[in-house]
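Next up: some structures, all given as structure tokens.
Two complexes, one shared chain (chain A), two partners (chain B, chain C).
Our next item is the complex of A and B:
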């Protein structure tokens, strides 16, 4: 049984550029379960941020959502996000789904006190009630003292600014939080503090979290499920535990084996992954990872991505799932 | 370590290439005083890769820039092969410049977009080996590009950075830094802008070139696992001081300084779940500037009154391990 809070179906988001249309999301389907932490993991350019922006309909020109559907399963019925009128969208956004933006700490208005930035958000969404109490509550949840209200962004460290962005994103009490690389610019110590806060907040507020990162270690240390993105689609989705133990897609297996850890053998060379992701301006036939895959064979070029796939537990987009991991094991 | 100050010149021990003696770098702005380097006395071993790790703002870049003479310390002396780098005459300065090089973090801004790859890579030859003809320089540049894995090098000479990926650009930067056979190279976060899959390739490359060409490298990064992997020696910085130094495996497997221990424990490990409420709320900004005792005393679970009044010096605690702490973890 699954109880999704978000269902994304056959979503296509395109950026119209002078050198051609970039197909940033290609027929993407994905389900986000109520109350889970789902990590979206992938290399630069795989479409992670574009997915976040698409869910909130924040894709601006030259970008465009060209087809597909995004359904938010509210307690009192389904909301089709892509069909909302602009005023309805404004009411919907932030209150139901909010986002911490990539490099969010640079998004804060440098000339406004922190409290002003909260009040602007509340006013934009016509929220009533005691603003000051609300600000203090969410600053505290994000691990900040109330004195921060009166401060300007330049008076805060990177980690504190990141916490302010988290507090801002939570302050309209959404059900879903999309966190786009919320700790990438930070040091490990602060990173761990923030990840730990996010987990705590998630439990306290009963949130669903979509956590976007390029770092598989970070993802697997906080997520219930992982969605491995490659060239605008998830190529593997599954429980974090299973995926680490027995990756089914060759890309996942290679990502795992090229991870550097504190136990990496210093006397051997690091394992690497050759090649580059495909050009998203050109149509991709069959498996998008084919050009870099050691297991590629002609049949991969005609692999049919569209019909009859399960996007829940244990989704993998490969004609020989599991083989890579088995072979790596055999060699080791 | 001999802490006596020697202003001009001395005969360095055979295995020493760079030496810092009581070096300070102090930034003042408004009310705050920032010790980017706080009385650092430290030597870099010739022919080794030393990695410096530490949180943002701990002074890693400042240390790297100072070691190349690209930043003037507020006080103290820095020696390259026994010569005080702030007291070099013109020709010694030229010699120093020709033997040292820096690789920067951002491969997108560190290459001039209007210079061809040949112009970029051969720039050090142009400056320091005036005798070479253009075709000799082209030959050397192509050879160096081959070495960094851009092959055939000759086909990369006449293209421009815009047609290269981030990983390829960083290879160009590495080729430029090594073309004049430097003795000392500083790499400041050379892979932090690159994807995981490209990072491994660049790290492998730097490690194998280092073994082949035998220079000394200072590798600066806050990424501990990569730093451990590439280095022969590791130094940990905290608020302008080097608090631990030694063999990278020893430091990462059994850190002695409580600060290093915190760094290592915070490192994300695949599959090890982070629990709610593991937080420690620190505001480093509060503690910046002129700390009398240990820079970590404010957070340290083991602190005693001594830690707040006396500066702990680096001392040897085992064959390949030094720590600046009164109560090292055992």
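Our next item is the complex of A and C:
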């Protein structure tokens, strides 16, 4: 029995470009369980950020969510995010689902003091109480002193800015936090600190975290479950432990075998993956990974994706799950 | 943040600029071929005996034709606060001529610059936020057309319309009715306002689209800023996103544009003042240049130069005040 907080069903988001519509999300279905850390892992263009933006309906022209549904399971009932009117959507954002953006350097308004950027959010949602105390509380949770309140964004370092945006994301006490590559723009040391504070905060505030990253090692260090994205869909979803130990999808298996670890043989060549992802402007028949998959066979081209399963527990989108992992192991 | 060091460097730059401008101001009118005595007096009297001409030349300080000698005299007199006597408005002093013309120009250009920058920023903010829509494309194209129309052409069209078709609705020349004596009476003030409507309207019509387009362009770029996406995600109402996020950042470069425009207020609107026979600085400059009135040209140029230098200074300080990232060291 699962208790999802977000259910995404058959979501299609496209970007209208002069050279044709790019299907960034293709019939995507996914469940986010209450209280978990779900890591969305994929390469550039796999649709992972588009998913984050779609959930908060931040997709701007030329992008468009064309079909599907996103349901937020609130304590008092379900909210269909895509059906909310604009004023309702405005009220819904941030107090239920908030987001940490990738571009820490530019997400803060350069001409306003930090406290102002908190207060206008509180005012927008008619939150009562002592604003100053609230700001200080969340700055502290994010690992910042209260003197930051009176500062301007340009007076902060990159890491501090990202901490401010974490504090901002938490300040309205949302249930779900979408972290869209929150550490990509930061150096490794700061990255480590930010990651551990996100995990700490998650435990303290009983948050559900959707962690978007291209870094499988980062994902595996913090996630309860992993969703491996490829060409606008999750190709494999499962508990982090199981998925890392025995990857079912060839893509996952190849990603894992290209990772470096401390006991990688120093003289061995690093394994890489040839080829490029398919062109999302064209309809994709069957398995999207077929062109790069060493196990591809004619049957893959007719693999049926249409049932639009929702991936709560483990799921793999391959006609011969697990085979790749076994073969990689055999070669090693 | 403005440091004392910044003020010192800026002031020394301003002084150097002023000195260079002073030299150029002095040389330019004197490089125009001709002799002021002949230009002014012979148009009035057709013939003057040579000794009279000599007399006038020495009165105007032109007895020694050496530019170096005249420049020395000019600088010495300048530091005594003496800008000389106008040839054309003889025997009025240059200071006097400027003092009688400047208030009209300040009123005309001050008002029109204030109106056009205000309208410009508001309209620009609006069309910039709605960029890409068909309406916006139309308005932007229209504005681009408006900015490229010369001031005097609009002025002439207005004169034509109000002289031929809408007669007696609005006065088309002068600063006030000739039957009135300048004074602080209701009738006089009303007359001044009525006389200024057409020139101000002309100036606003041609200059506000410029402010609008600048504001529009900086607004459009705001759409791509990440802090706008965050503001949207935070659930800030659109009205406040436009005001506190987009416009607040977009107005920064426009503010410089506006302050500099105010700096040029003292220069007058040459063509508009000439077409509407408005007794402002532009009108005085026109007379000064056409009659080779060296002291008056020098005086007006000097005033314009100094004001523009000061306006630059103010715009820097204002920018530092509006944008916390700017540090003036």
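Just a few scattered comments:
To be clear about the criterion, the second predicted complex is superposed on the first by the 327 of 332 C-alpha atoms of A that agree within 3 Å, B and C clash if a C-alpha of one lies under 4 Å from a C-alpha of the other, contacts with A are read in each partner's own complex, and residues count from 1 in each chain.
Quick note on the criterion: a residue touches a chain if its C-beta (ideal position, glycine included) is under 8 Å from a C-beta of that chain, and two chains touch if they have at least 3 such contacts.
Model, not experiment: these values are computed from the prediction.
When both complexes are superposed on chain A, chain B and chain C fit side by side without a clash. Residue contacts after overlaying the shared chain place A:54 against neither chain B nor chain C.
In the overlay built on the shared chain, the residue A:197 is in contact with chain B alone; chain C does not reach it.
Of the two partners chain B and chain C, more chain A residues are in touch with B. Here the apex is the CA centre of chain A, and the angle it makes with the centres of chain B and chain C after alignment on chain A is 70°, in steps of 10. Once the two complexes are laid over each other on the shared chain, residue contacts for A:110 go to chain C alone; chain B is not touched. In the overlay built on the shared chain, the residue A:91 is in contact with chain C alone; chain B does not reach it.
By the touch criterion defined above, A:218 lies against chain B but remains apart from chain C after alignment on the C-alpha atoms of chain A. In the superposed model, A:269 lies in contact with chain B only, and not with chain C. For the three-chain overlay built from the shared chain A, the minimum Cα spacing from chain B to chain C equals 8 Å. Looking at chain A, you'll find no residue that touches chain B in one structure and chain C in the other.
Chain B makes touch with chain A in their complex at residues 55-56, 165, 195-197, 199-201, 203-204, 207-208, 222, 224-226, 228-229, 248-249, 252-253, 262-264, 266-285.
Only residues 43-44, 143, 157-158, 160, 186-193, 195-197, 199-200, 202-203, 214-218, 220-222, 240-241, 244, 254-256, 258-262, 264, 266, 269-273, 276 of chain A touch chain B when the two sit together in their complex.
Residue ranges on chain C touching chain A, taken from their complex, read 132, 223, 225-227, 229-237, 240, 244-245, 248-249, 252, 322-325. On the chain A side of its complex with chain C, the touching residues are 56, 58, 60-61, 90-95, 98-99, 101, 103, 106-112, 120-121, 124-125, 152, 154, 165, 168.
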